[in-house]
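What follows is one structure encoded as structure tokens, with my remarks underneath.
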Amino acid sequence: MYTPWGYRGAMHGYEGHKDDLLKRLRRAEGQVRGIARMVDDDQYCIDILTQVSAVTKALENVALSLLDDHLSHCVAEAAAQGGPVAEEKLREANQAIARLVRS
Amino acid sequence: MYTPWGYRGAMHGYEGHKDDLLKRLRRAEGQVRGIARMVDDDQYCIDILTQVSAVTKALENVALSLLDDHLSHCVAEAAAQGGPVAEEKLREANQAIARLVRS
Amino acid sequence: MYTPWGYRGAMHGYEGHKDDLLKRLRRAEGQVRGIARMVDDDQYCIDILTQVSAVTKALENVALSLLDDHLSHCVAEAAAQGGPVAEEKLREANQAIARLVRS
Amino acid sequence: MYTPWGYRGAMHGYEGHKDDLLKRLRRAEGQVRGIARMVDDDQYCIDILTQVSAVTKALENVALSLLDDHLSHCVAEAAAQGGPVAEEKLREANQAIARLVRS
């Protein structure tokens, strides 16, 4: 794999959004912990389900941000150079999208 | 069908699965924390996305378990008694299902 | 709650919404036909994708309506009578919900 | 990478899969028509729901194929040329992915 970003070590397109991603992931972690506490406290199923839907949606949005950055940087750069690396990046991105759509 | 939850206040059908739910939620919490660590360590977007899809799927399965228990206990018991409480329980369950399908 | 559907064979709760469901399904059928026409006319991928998302969402809403009616009638009535029929209806409804959430 | 789609107006990457897409869309159209017939014939809700989940999944797969072709052709070619067209194609693709994940 020989691309300029390859040896710069910046193998990720979310560089510019790292703080935002970390903040959202920590909030999601807290939400999951809160859901466990609700179960432990015997809270009402529907209220717990509402929280599970909320955290699932939040994680889905994290995934969409990551994918957006990935396509706009890693995949776009690989595509600009073409060849088997570009093909591999596209194949890999398409599989990640399929997993996301089906999850 | 004569159940005591109405006045005991234990309005949850997941009683019998509490330990299992807590175990799955703690695992999900650890997975979200692991994803934050991956972002912090500048790991590759696609690998992070794979983990986000996995935890989203795990939380979706927690939601389906909760919903199954809720329908089989709270809703079934309310339906057996009929009246406005049954209607309210059904309305509420249908809204939770819609949120889950759309999230 | 005393309902005759058991021996009348009318095993569906969407009775009251039949016309609405048929209208929505015919519109969805027309949308899918329109998408095929777009592909045949070599239209732009993104415009086709927008239509596919729209019809998928429409069908998802049809499914949520059917499920709502099913829970509020068939399942509620079976639950009121209890026993193995109720259990079977609940099991079946939970499986349909899981298929829907995962599709 | 030098491609003529820009001025040929053939703005689609699914060229090579057109027959396959049309076949799948016609099958989906028939499935939706079949679902309307099931409703018209008062068939059992759960059986109808199974068919709705099946056609939704089939349409989702059509969308994933279209998106795969779109990224591998239109977006990759635009990325190779860079500039505002590339940015616009990426923005548009990311929005389509988000719609798909949320539908």
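Residue numbering begins at 1 within each chain, and the chains themselves are lettered A, B, C and D in the order written.
Note that in this section a contact is a pair of C-beta atoms (placed from the backbone, for glycine too) under 8 Å apart; a residue touches a chain by one contact, two chains touch by 3 or more.
Listed by chain with UniProt protein names: A, B, C, D = Transcriptional regulator.
Quantities reported herein were computed from a predicted structural model and do not represent experimental measurements.
Should one ask which of A-D and C-D has more C-beta pairs in contact, the pair is C-D.
At the interface between chain A and chain B, over half of the residue numbers appear on both sides, which makes the contact a same-residue one.
Computed centre separation for the pair chain A/chain C is 31 angstrom, with centres defined by C-alpha atoms. Annotation: 22 Å between the Cα-based centres of chain C and chain D. Measuring from the averaged C-alpha position of chain A to that of chain D gives a distance of 22 Å. Looking at chain D, one finds that residues 60, 63, 67, 93, 100, 102 touch two or more other chains.
Residues of chain B touching chain A in their complex: 10-15, 18, 21-22, 25-26, 28-29, 32-33, 35-36, 39-40, 42-46, 48-50, 52-57, 59-60, 62-63, 66-67, 69-70, 74, 92-93, 96, 99-100, 103. By the touch criterion stated above, chain A contacts chain D in their complex at residues 60, 63-64, 67-68, 71-72, 75-77, 79-80, 82, 86-87, 90, 93-94, 97-98, 100-102.
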